[in-house]
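Just so it is clear, A, B, C and D label the chains in written order, and each chain counts residues from 1 on its own.
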Amino acid sequence: MLLEKLQSAVGAGVILPDGHETFVLNLGPQHPATHGVLRVKLTMDGEYILRAEPVPGYIHRMQEKMGENRSWSKYLPNTSRIDYLSAMTYTHAYVLVVERAAGIEVPPRAEYLRVITSELNRISSHLVWFGAFLLDLGGFTPLLYAFDDREKILDLLESVTGSRLTYCYYRFGGLCNDVDAEFLTGAREFVAYMRPRLAMYRQLVTDNIILRKRLEGIGRIDAELCRKYGATGPVIRGAGVANDVRRVEPYSVYPLLDFKIPVYSECDCMARYLVRMDEMEQSLRIVEQAIAQLPEGPVMGKVPRVVKVPAGDYYHAVEAARGRFAIRIVSDGKEIPYRIKLRTPSFSNLSLFEEASRGMMLPDALALMGSLDLVIPDIDR
Amino acid sequence: MTLPEPFRLLAYLAGVMAFVGVNAAYLVWVERKGAARFQRRPGPTEVGPAGLLQPLADAAKLLSKQLLVPPDADRTLFRVAPVLVMAPALMCLATIPFGKTLGARSLDLGLVMVFAFGSINVMAIMLGGWASRNKYAIISAARIVSQNVAYEIPMMLVVITLIMVTGTTNLQEIVEDQAGGFWKWNVFNLAANPLMPVTFVIFFICMLAETNRAPFDMAEAESELVAGAFTEYAGMGFGVFFMAEYANILVGCSLGAILFLGGWQSPFGILSGVGWFLLKLYALVFTVVWVRWTFPRTQFYGLLNLSWKILIPVSLGTLVLTCIMLKIF
Amino acid sequence: MTPTLDELNQAFLRLLTPAPALGTACEMHDATSCEGKGVSPNPAPTPPPTSAPVPPCRIVEGKTKGYHFDADLAPDQIVPAGRLLDERGFAIDAVTGVDWLAAGQMEIVYDFYHPVSVLHVVLRCRVPREGAEVPTLSEVFPGANWHERETHDFFGIRFTGHPDLSPFLLPEDADYHPLRKDFTGAA
Amino acid sequence: MKRVILEIVGGFKSLLTGMRITLQQFFKKDVTVRYPHESLKMTKRYRGHVVLLRDPETGKSLCVACKSCEKACPSDCIVVEGIKREGEKKKSVTEFELDFTRCSLCGSCVEVCPSDALGFSKDYNLASTTKAEFVKIDLVRRMEGEIAADAAHAQPQPAIPPENPPGGTSGSAAGGTPAATGIQTGSEKPAGQEGKA
């Protein structure tokens, strides 16, 4: 009688060959671990996951179709709304691909400023990940510390772009406005401020035995799996492959800057965690150098009044905070794009979740999901 | 003036209930303020000075909510579980000596009684999870049982060590045994067992686990199980579970203060009284809050590993060591 | 081991040349190459090839295009080509559908990047617009599974052999394909 | 065995380090702003919703109703109408409606404006109980209200800079009902301020 009741309570499941009964557990669409409206259908055997099937699409906005009914430049604000946490890098990809196609020259100062703002944006994105990941793991306080630091970045970026999240700062051929000395001093101060903070995070979180026990050896994603699924960014760099678009397919002024690509070969959640923590340090270095090298000059190049892209298809990838973000545009020579394809890192990174989470326990699978650093609009677009 | 025994008991019962009620409510405030301070924000500020009336506002809100029972839940068990989780905590406090003469009942088997009632708490949470007919709640209930089974063992081993040192299970006598300065407190009683501070740490960890506090809050690991066993509870049903959690912390910390920190004894051996006991109690409570807002949650099997592979062997070791020490000296 | 462009070109030529489908591939490419010619206003039959046919695979100028190697395939060449890239350590980047309404064709573009080298390979395949169907690549690259599901959602291109083509990003009862050029809005 | 003990000791030490750090933070100052009681000043470039700017000399709108902004808007949320008045060289604006429910605050309209007649409002706590209030924000009427308010305040107070319209903190100031003047004289504060003011 009791057994029957328990069985009916957990829902009709499948009896496994060894007599265990499975049940389906829905993670989401509204669930504290999914940071947005993502649903993951888990088929569980007790606390073990037999199959995890992500069901995205709850906030699908048809960003790609939107590109097909507005002009090249009107699509600019959209690009910062795909992954709202690293809006700068996404806009960067879009302006780069259009500039590449239309042959627009960008003044060096603008490229440097793009790099500075992109890297600041990357740090702020990683800080959100850091806080949210710790939240997944049940640590609340680091989130608030991370947001405190992030506020400083947002203040800086707001002072130049006028916006805190969806910047829309880049334009074809440059930037919409130049930065002032205040911003540069502020950015320098931020770099000086952030370094001890990162050391503090190392002591408070990275070295913490509970965190290490939770992440080390958990959620194995190796290089082969990354390759088969197209997973990029910190996921592949945590699998020992130095894949970073900034180095592999250099763009902008990144080749002129000295920075390391953090690579860890443990393939586990800890490796991905450490990659991102190290990346923040590297981004600080990039910001520092770019400010030191920042040339004088205009921030806007010569751009035709109405941007037209010669017919053909063009592709450009950038390294966004979550990995390789690429835009493929197809033009028929008109003022309006014929097709815009957004290749987003979260989409590819999540696609391996089903395979990587097989046989894991529920809390570990959530650590794995957190370590992928998903942004749901980035999956759904 | 002395009251007849039944009235005296009633008065104490009322006193204990009031103490638990006020404390449970205000520990929520302490927790929220504490969390806010650790996170460098002000915390509740709007209701009353420094948000002091926040617990009342919360209670009013919870009371005004409809008590929903999920359609397929076991109605009786679902309703009974919050009561069952609250009552044992009250019973436990009946044996706690607050001062030299302040305590509801000085029982010879006080310590045993505390643990006997303390274990019911787990059953009640399990019942609540079970009765709500929710997958998250059932997983949570299963977790909470195995967690508590795992942590009662080292806890008991530690307490047996203590009983061997003090030679009694009467809480009042245990406190009296530690009179005469803080070096006489059990936590520093190195003569009985050089590993006494370690024993205290084990006790504290077990206490956190027994009361389902972070970093061992597997039962309501909100990123995995939403609100665990309490997912389906609304209004005051949830409120009672919430209060019971704090009541249990109160019991756990009182026990810690009594067993290891000399209860109402003053550290300098001059004055002693309720004030010292409360000070020690709240210091421990603060540490509990502090720990929660510092660490991430352990994973479930990590928690069991910690218990079975580290805490039980070590506490068994201290027990054996104490035996030897007591036999020799 | 990082592959070189020349080696890749040779391998692709070997793969594509003896294939009986070569004719089709070339024809399709000429029909409406999405480079340069775009959509001809007159979608009617393909003009006969006047000059030497464009080879089915070619090295392109990466600086302007953003990719380095481009190959036109017939549907049955997709899986062998995918295998070929898989052996050389390429990773799946994206699967893109393009609806050439005027030409009455659907183009499926596969992007591949190499994790540690700059190489970026593009495979394309054009099929008739109605009842567009190509074999799935998810056997070779499991990551193609989601990309193909998405492409099926948006364009209605069927990927034969795909394990699950149920709506993915669209609502589960969706029977429309919003990125088709003739799509005007869901009911 | 030794390794295990070292790990336990090391782990315990890491826990204590963590607790030390949080305790240090415990005694530091708050970093938050108590929003309804305090609020932040927006930066110079803050992009709020669009407002019509006035000529500092004449006090009239700079807008010539060229409709560049209408064309540049990615969301089609701007409607501009203007007429050519007798004796004036340029057209002047008679209608400037902003559909704030669709506006994405991208700033394309401000950027494209040939006569620099558009600016950003510094309002950031726009709030209302009805969506209708934001469907049509009539910027011309809002500006006229400003002029009237300026006139009223002209004697006792210095002129208020155009990008800081009076009562600009209030959401309903952005439009009220479409018929409203769009002027709040401070009698109505945002909901959050009422309780504690």
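We adopt the following convention: a residue touches a chain if its C-beta (ideal position, glycine included) is under 8 Å from a C-beta of that chain, and two chains touch if they have at least 3 such contacts.
Values in this document were obtained by computation on a predicted structure and should not be read as measured data.
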> Taking each chain's centre as the mean of its CA atoms, which one is farthest from the centre of chain A?
Replying inline: B
>> Counting C-beta pairs in contact, which two chains come out on top?
In response: A-C
> Just how far, in Å, is the C-alpha centre of chain B from the one of chain A?
Replying inline: 42
> When the centre of a chain is set as the mean of its C-alpha atoms, what distance in Å lies between chain C and chain D?
Replying inline: 47
>> On a C-alpha centroid basis, what's the spacing between chain A and chain C, in Å?
In response: 27
> What residues in chain B touch two or more of the other chains?
Replying inline: 38-41, 293-295
>> Among all residues of chain A, which ones touch two or more of the remaining chains?
In response: 141, 145, 148, 204-205, 208, 210
>> What's the contact topology between the chains, one of line, ring, star, complete, other?
In response: other
> Which pairs of chains touch one another in this structure?
Replying inline: A-B, A-C, A-D, B-D
>> Please output the residues of chain A touching chain D within their complex, sorted ascending.
In response: 70, 73-78, 81, 141, 145, 148, 151, 155, 158-163, 166, 168, 176-177, 200, 203-205, 207-210
> For chain D, which residues are in contact with chain B within the complex?
Replying inline: 8, 12, 15, 18-19, 21-23, 25-26, 28-32, 34, 195-196
>> Considering only the defined contacts, which chain B positions touch chain D in the complex?
In response: 37-42, 45-46, 201, 290-291, 293-295, 310
>> Residue numbers of chain C touching chain A in their complex, please.
In response: 34-39, 63-67, 89-94, 96, 98-99, 109, 111, 113-118, 120, 122, 141-143, 145-146, 154, 167-171, 178-179, 181
> What residues of chain A sit close enough to touch chain C in their complex?
Replying inline: 56-57, 60, 62, 64-65, 68, 97, 100-101, 103, 223, 226-231, 236, 241-243, 248-249, 311-317, 324, 326, 328, 330-333, 338-339, 341, 343, 347-348, 351-352, 355, 380-381
